[in-house]
C-alpha cells in the first residue's frame, strides 16, 4: 500500500487556510505555504489515483469552462481534474450562447453558476483584458453568492490570462521539484527563461511571465533572455525582482541566449510576442482598425525574422551545467525541421527530452485538481486522510 | 437541520400521478395539482441542495439536449438539473451530426435515445414548427419504447417552443410565489405582461404566451399590453381567457403600456415579434424566399421603430402599486443606455431589480429538475422522503 | 429476477484473455472466442440495464472521443456506453484545439490522455489513413504508459476507419444472432452484402468491408454484389475468403444484385464509393488538387447515375428466402421517395423493417460497452458476477 504519511505531514505543517473559498489568479498572490500546499495536494491526488483510490469529493456539481482561445492541453487538464473530483464540465461556448450584445459580465457569470462549484477561464488574447475579465467574473460570483442567488460560491481557476498562466507555471515547477528531488534542492539552481524564434508571432506572454513570477520564489537564479523589443510586462519583472530578493535567489536579464544558457540547470526556450506590440494590437482591435492590425502583423513578422538564430541548439545545450540542463516547454514547441523549417528548438534536443516533456505536462491535471481541492476544503489534510481511509476504488477492476 | 416536512406534506396532498412517465410540453396541459407539485419539488430539491444532501436518483444515464437556437440560461439550467439528478448531458449538435437530408425525425429520435432518460429541446424559431417537432419526437420515443428498441421511455422537457416556454414561465411563477409568500396570496394580484421596445426584432412569442397561459391559473388579474399589430397567438389568448374564468381571475388586453402598469403588482415588459409577421416569415423560409425575408425584416424594423416609447421607465414604475411592483424579465434585457441606446427598460429600474432578477432566473434549474423528477417517479413524495433519510452528501467537504 | 446464468456460463467457457489491456481495431484480428465474448458481454450489460442493475465500473475517469467525420449514431452509442460504465466523455474537437501545425500524433495522444481510460476514434475519410492514424495513437499511448507519463493505458475503440467499422459490424452481427436465435443457427445462412444506388457519392467502404470481414467468421454464405468499378479493398476480400474457408462458409462475388438476393436470408443493400476512386481522392487531397477533386467528383456522380437500378425493391425482396429475408442497414438509408427521388431502398421495404432496423442499431452502445469492459477486465465473468451480486440500482425510482 502507498504511504501517504509524507504528503499528510507536509500538508499539516503548512498554512493554506487562505486558499479556502478563494480563487487562483496569480501565483504571486499566494504565500509560499500555499504554493507548497498546492504541490503537495497535487502529488497526493496523483498518488491516490496511482493507488486506484477515488478522490471524488463531489457527488454532483458543475464545473464551468470558458475558453476564449483554443486549447487542448489545458482543456483536457481541466476536464480531467474536475472529473477526478466528481464534477461535470459544462462548456460556456460563447458562439452558441445567447449572450446579448451589451449583456454584462456580472449577468452572464451569475446565469451559468447556479449550480457551479468551479469556473475555469482562459482569456489570454489581449493585454489588460484577460485577468481583468476574470476579476470581474469573480466579483460577480461573490456578490451573487452573498445575495443568495447562488447556492455556493464558484471558485475561479485562471487557465491562462494576459499576465500569468498559473496552472502551467505550477505544473512546470512541480516537474522541476520532482526532477531535482525536492524544493530544498532548488536554491541556487539556474533557470534560463529564454525567448526563442518561431515563424508565427503573437504567442502569449503569460508563460514567460508565469515562469519568472514563480521560479523566483524558491531561491533559484532566474535569467530572462530575449532580443531587444521583446520585453515582458514591466510589472511582472518587478514581481520577479522582489520575489528573488525575498527568497534569496536572483533575477537577471540578458540580451543573449548563450549567456542565459551558460551554466544553466534548466532551460525554457520559447517564443512570445513583444509586450508593447501586444498592447498596440489590443488598442487596434479596440478601434476595429483591421488595416492597422495587418500592418502591425507584417511589422512583427519582419522583426521576428531578424532573430532566427534564437534557437535551442545542441551547441547551446552543451554549454549548460554538465551539458545536461533540464529542457522544458509548455508544448506544442516549434521544432526545427519537424513542425517548421526553423523554430524554437533543434529536433535532436526535443527528441532527447520528449519523455520528461510529457511528464512535465502530466502534472497539470493534478495541479488544477489541487487548486480546486484547496479552494473547497476547510481542512485539506483531514479530507485527504479521510479519502485514504475511505479507500474507495476509482476503477473497480 | 432543514425541515422538509412542509414540502412533503404539500406533495402528499397533491395528485401528480398524471406526470409520471409523461412529457412537459405546455403548462396548460397540466392540472393545478401538477403545477403545484412541480413548484413544491423544485423547492424541495433546492432545500436538499442547500442542506448539502444529494438528490442523485440516477447512477448513470443520459440526458439528450437539442438546441435549435442559441441559449445560455436554459442550456446551463438544463445541464444543472440533469447533473443534480445524476444524468450526463449529451448534446445533439445537428451541425456535427450525420443527420441525412430527409432522415425522419422518428429515426433520429430513436438513434440518440437508446440510453436516454430525458430529452430537452429548444425549437422556438418558427411558428407552427417547434411544438409540432417536439410532439413528433415524443411520439417516436413512445413507439420506440413500446417496440422494445429503447430500454426506457425518455421524457421530453420543452425548453422553449413557438407556443410556450414552460421552464421559464414556471420559474417566473415560482419567483412570484416566493415574493408574495405563497400561492394563496396571488388571488387578485395584478400582473402586466407588456410589450416593450427593443432595437432588434423577431424575439420569440413564447415568453409572453407562456406568462399569460400560466399566470391566469392562480386567480391573478393578468393584463396583456402591446401596440396594434403585436398580437400573440389567438389560441393562447383563448387559453388565458379560459384559465382566468376557471381560476376566478381575469385576463384583459390593452393597447397602452401605462394602462397595464397602473396599479400593477408585477410588471413584465419585454419585446416580442408580431405573431402574423412570424407566421409570414415561416412561410417565406419554407419557400426559401430570401428577398422576401429581407423585405419583411425591413418592414418589421420600421414598424418596431414606431414604438420606441414602450419603455419601462421610472415614471411607469411609479404608477404601480405603491410604486413598487415586482419587475420581471427572462433576461437578457435590452437596457437603455447599457446594451442599446434605447430599449425595454430604463437602467435605473433594471439596476434596482438586479438581485430579484437573478433570483428569478435561479429557479429554472430546480424547475427543470422537478419536471424530470415528477416524470420519473411513481411516488415522488416517498422518493423525496427517502433522499432526506439517505442523507448522502452532495459535496463531501 | 433476470437469470444471468447463461451469459456467465458462456463467458466462462470462452478465452477472451487476449482482449485485456488491448485495443479493438479490426474484427479479423480477434479470435472467435473474443468475438463471442463481446456479444455475450453486450447482452449481459443490456440484461443488467433492463433489470435496472448498475454496471458502473468507474467511479471517475475520462473517455476521449475524436470524430474526424460527422456522426450521430456512433457518437451517441459511444457516449452511452461510456456513461453506462461510469466514464465522462471529453470530445477532442480539433477545430477548438491548439494542435499546432506539425504537432505530432504522439504528442497530442499523450496530452489528452493523462486521465483517459478509453479513446474512441472515427477517421474514415481517406483510404490508407484512418486505421494507420489509430495505430499511431495506440502506439503513442502504449509508450506514454510505459514511460510513466500516463497513469493508465487508454484502450482504443475504432469507431470507424477506412478499413473496418467494427462497432457497426458487431452490432449488426448481434442483431443477426438474435434474429436467428443463436450463433449455432447461422451456418449456411446466406447474406447478400450488396451495393445500392444513392444520389450522393463517396460513402465509406468500411461498412461493406466490415460486413464481409465479420459475417464470414460464422459459416455463413456471404455474397458481395456490386457494379463493375465498385470493388472494395482487395485485402479485405482476401480476409473474407480466408475466414469463409476456415469457418466452413463461403464468400462469393457477383455483378448482379438479383443474383445476390436470390434465396438470401439476410440482405444489406447500401451505397459505397469505388475503392480505386477513393484512393485517387486521397492522393488528390494530399496534393491539394482542388480542380482534380472536383473533376473526380463529377466523374463519380456520372458513373454512379449509371446504376440507378441497384435498388432494394419489393420485387427483389420477394426473391429472397420465403420472401422474408432480414433487411439490414447501418442507417441513415437513402429511401426512394422519402429522403431522395431514387435511392437504396423502396420506402415500402424500409417501412416494413423499421422496427428491426432500430433494434439493429440498439445493439451498438452495448457492443461498445462490451469492448471497453473486455479491454479493462482481467476476469470479465467474475466482474459480471460481482455486478449482479452487488445489485446496485442504475435508476433509483
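List of remarks:
Should a chain be cited, it is by its letter among A, B and C, assigned in written order, with residues numbered from 1 in that chain.
Just so we're on the same page, a contact is a pair of C-beta atoms (placed from the backbone, for glycine too) under 8 Å apart; a residue touches a chain by one contact, two chains touch by 3 or more.
Since we're looking at a predicted model, the values are computed, not measured.
Between the contact lists of chain B and chain C, the overlap consists of A. In the contact between chain A and chain B, the residue numbers used by both copies make up under half of all numbers at that interface. Put simply, the C-alpha centre of chain A and that of chain B have 41 angstrom between them. Shared interface positions of chain B, i.e. residues touching 2 or more other chains, are given as 56, 88.
Listing the residues of chain A that touch chain C in their complex gives 46, 49-50, 54, 56, 67, 69-73, 75-77, 79-80, 83-86, 88-89, 331-332, 334-335, 338-340, 355, 358-359, 361-362, 364-365, 392-397. The residues of chain A lying in touch with chain B in their complex are 56-62, 64, 88, 90, 92, 96-104, 107-108, 110-112, 114-117, 144, 147-152, 376-378, 383.
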